[in-house]
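The following pair of complexes shares a single chain, subunit A, combined with subunit B in the former and subunit C in the latter.
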Partner chain A sequence: MKNNKQRQAAVFFSAALLFLAMVTAAGVLCREAALETDFSRKNLAPCREYWFGTDCMGRDMFARTLAGLSMSIRIGLCTAGVSACLALLLGVAAAVMGKAADRVISFLIDTIMGIPHLLLLILISYALGKGFLGVAAGVALTHWPSLTRVIRGEVLQLKNSEFYQISRKLGWGRGQAAARHMLPHLVPQFTVGLILMFPHAILHESSITFLGFGLSAKQPAIGVILSESMRYLITGQWWLALFPGIMLVITVLLFDRAGNALRGLLEPMENREGVYG
Partner chain B sequence: MLEADNLIFSYRRRELPVLDRVSLQVKPGERVGIFSPSGSGKTTLLKLLSGYLLPQGGKVLADGKPLPRSGFCPVQMVWQHPERAVNSRLTMGKILAEGGKTDPRLEALFGIEVDWKRRYPEELSGGELQRFCIVRALGEGTRYLLADEITAMLDMITQAQVWNALLEEMERRQIGLVAVSHSRELLEQVCTRVVGLEELSYSGVKR
Partner chain C sequence: MTLAAVNRLIIYAAKKAVRMAALLVMVSLITFGLISASPIDPLQANAGQAAGSMSQEQLDRLAEYWGVDEPPVKRYINWAGDVLKGDMGTSLLYRRPVTEVISQKLFNSLFLLVISWLVSGVLGVFLGILAALYRGRLADRLIRGYALLTASTPAFWLALLLLLVFSVWLKLFPIGLSVPIGMEAAQVTAADRLRHAFLPALTLSITGISGTALHTREKMIDCLESDYVLFARARGESRWEIVRRHGLRNVLLPAITLQFASISEIIGGSVVVEQVFSYPGLGQAAVTAGTGSDVPLLMGITMITALVVFGGNFAADILYGIIDPRMRRGGEAVEEQ
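== the complex of A and B ==
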């Protein structure tokens, strides 16, 4: 039954997920190595022993990059998860709790989308005293509006669908009918929305850390690494910025592509055209 | 008896109502065909009779009682487009079970094959889907059935099969039927009484 496109998407999705899981695990394991300083090996260019080179304190950049990425991915997972749950709650509430609730929630969505994203993020993070809590709260509180909109629209459409109305007349209660008819449509939307939120969350976490409103310099976050390395670029130590930067781009792209592959798998209608005449 | 008493309904306020003081009585076992051109409010009338819409004036009584707000409704409607009346993410077996206990005799009567129940809606034809929708609407508590152009998309032979099965079941259980169609021939074949929509309406000839 599965066609070629679907199989490709499934393989790609699993591969991307495996890679990201490995990076996350490796980062946790080499957290110690990332903090280890050794002045006998400082400012080394990339070589066979230190793939990404070392910095001015003799720290292994490969270990630091992995640890930083892992940190970013973990923060991304947490915040995107919270944000997506918030979106689910608010989206469903807007659709089923009547006009007043819908107005309030729609107003919130418009307000948050109307403020420049990074600015709001910095404000929240700064107000909460920067650090882990500030970043996490900032990212979690700014990423829900677009998914909320999608879920609100989906629930509204389902509520007016003929099959939902029919099941109510066949004696199904509100909750039963919603669980049976809405859940199967909402789960894919939610999952894909969640995965497509990861790259945003990761990028924004690194950006505000890079700008100095996020994690502290002691933590090996990718934003910290990148902002530190800017100072050494003019002295010719290009490897300090290049490899961590490339790894960040790869991670973000992989999450994005994995999300799109999953969408292809979960919404089979578009992919199946032509199979059943 | 299913009674509609002076129903008034308009989709927008301050506009001429689609239905103006429409009254209708259907006895158990009686089959009423309503004939009128498209766009004249047939489907709207059926939605009012089965409680999908609430009238702005007048009332609907089924066996002397108003239609229940929740729970199984004794007046069930079969919709014109079966593909919209089923959830595309559920198997046909689950869709059938929505109507309560499934009855193998009824399924056999309408020619539903066991194999179809494992499939998803998009893997069946419109006619096959419509049989599921009819059987689903014929649950134990159903006293009146409203048929909104239920065979418009079928070929002649299938139409005859579906209607024969339906008539047999309604005869057996003394279910009242309101059928709506723009084909007068069909209604005259299957119904005990055929009326034009405008005859039911107070404003009658004006329409």
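== the complex of A and C ==
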């Protein structure tokens, strides 16, 4: 039944998730190795034993990169989860609670969008005294606007749809009709929106950590690693910046592609515009 | 444009301006709230850093200015009143009026932002059209791949890579600062300025292209699949004629709007990029203000960038109103009623 493209998307989606899960797990296991210093092996260029080389304190960069990525992914999962739930609440509220609520929420969205994202993250991090809580709250509280708009639009459209209207006329309660006829349409939108939020969350977490507002310099976070690497660029330790960065890009890219693959699976009509349009 | 249409445009602009002012007030409230909630005491943090060089009199004046013992609402009203008079306070780190610091940093940043904004906009539209014309072929795949890759690349890492390749390995560009070290401002030539801004501008341009390019591609594909393009092809117009006569008109307006709306992203990118290249612009000042607890400067920078972002959105709205013929026709329809 499934066509080739759908099968490809499904395989890709599963493979991407598996890879990311492995990175996350490996990072947790590597945590000890990431912090281990050994001055007998400092400043080694990438070799067979140390794939990503070692830094000036003799720490294995491969372990550090994995630990950092794992940390970023875990923070990304939590914050994007919170942000997506906020988006769901606000999006539904904007659509069903009347004009006033809609206006207030859209005003709030415009305000948040008006402050450059990183600046807002700096402000929130500052408000919470910097550190882990600052970066987690910052990322969680600033990513909801776009998904809120999507969900608001979807709910408004569903509210005017015939099947919803008819079910209401047939005497179904508001909640019953919403659960039966709205939820099945919202779940895919929400899931795709959630997954597509991860890459942004990860990028922003690493950026804010890179600037020194996020995780403390003792943590093996990807932003910390890249921020440290900046000092050694001039002395020629290029591997400190190159490999962790590539891994970060791959992670972000995989989340983005996985989200899009899932969208292709859940909203096949939109994906086949070429065939029908 | 008829008089009624002009009138309508003015009313439209006024409405947008009022909304913009309201949004700015909201931004100031949120910023002030966040900064007030901070457990970090700016006076303590700065007196700790510069204890020797700050007199008691200065400290008292700062304490009085920020109303350390006053409730936040009163402090906000004091601050807002001063801002309306054009006084944003004195930067704790730079020891100069915030307005002065910001205008100098903003000038440095604008140079960078405007260049990369223009380059990414023009290249974005160009690549988007190219990808649409060669849809599914190699050029399209390369452009889409590029957009995808740059959208997933953090600006600060790209900046690090460019720094590594061009400054450290090839030694083509200086490693930091907007002017050569130890040179007086008057001696700095335009060529120096350009040389030091080149890599930061390149970084911002590379990352800025992807959104505009993908958006333009979609619009152009819609346009190329339309009936009027089919008819134009039947009339024997060449590919290039079709793009120039039918495509550009449909594609440019949304691209310009998107480009105005992306100002916020470019400013956000400039924060990290300026940090990597130690380019003394507004973004670097924001980071310095945040780490050094320079509250007046942080407030000032947030307000100014929000003003620039809302200004960009406002410009996009007005431009849409002026250029889109539907808007004009809408005006005439009102006139007829």
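Please note the rule applied: the second predicted complex is superposed on the first by the 269 of 277 C-alpha atoms of A that agree within 3 Å, B and C clash if a C-alpha of one lies under 4 Å from a C-alpha of the other, contacts with A are read in each partner's own complex, and residues count from 1 in each chain.
By definition in this document, a residue touches a chain if its C-beta (ideal position, glycine included) is under 8 Å from a C-beta of that chain, and two chains touch if they have at least 3 such contacts.
Since the structure is predicted, the reported quantities are computational estimates derived from the model, not experimental observations.
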**Q.** Which superposed partner A:Asn3 touches (first subunit B, second subunit C, both, neither)
**A.** neither
(Q) For A:Gly129 in the superposed arrangement: first (subunit B), second (subunit C), both or neither? (A) second
Q: With both structures superposed, pick whichever of subunit B and subunit C touches the larger number of subunit A residues.
A: C
(Q) If we overlay the two complexes on their shared chain A, which of subunit B and subunit C does A:Leu170 touch? Say first, second, both or neither. (A) first
Q: Considering only the touch criterion stated at the top, classify A:His181 as touching first (subunit B), second (subunit C), both, or neither.
A: first
(Q) Quick check on the superposed pair: does A:Ser14 touch subunit B, subunit C, both, or neither? Answer first, second, both or neither. (A) neither
Q: Could you say whether A:Thr37 touches subunit B, subunit C, both of them, or neither, answering first, second, both or neither?
A: neither
Q) Should A:Ser161 be classified as contacting the first partner (subunit B), the second (subunit C), both, or neither? A) first
(Q) Residues of subunit A that sit at the subunit B interface in one complex and at the subunit C interface in the other, please. (A) none
Q: In the complex, go through subunit B and note every residue touching subunit A.
A: 50-52, 70-73, 76-77, 79, 81, 84-90, 98-100, 122-123, 136-137, 139, 141
**Q.** subunit B contact footprint on subunit A (complex, rising order)
**A.** 161-173, 180-181, 184-185, 269, 276
(Q) Under the definition above, what is the set of subunit A residues touching subunit C in their complex? (A) 107-108, 110-111, 113-119, 122-130, 199, 203, 206-207, 210-213, 226, 229-230, 233-234, 236, 238, 241-242, 245, 248-249, 252-253, 256-257, 277
Q | Residue ranges of subunit C in contact with subunit A within the complex | A | 19, 22-24, 26-27, 30-31, 33-35, 37-40, 148-149, 151-157, 160-161, 163-164, 168, 175, 225, 264-265, 267-268, 271-272, 275-276, 286-287, 290-291, 293, 298, 301-302, 305-306, 309-310, 313
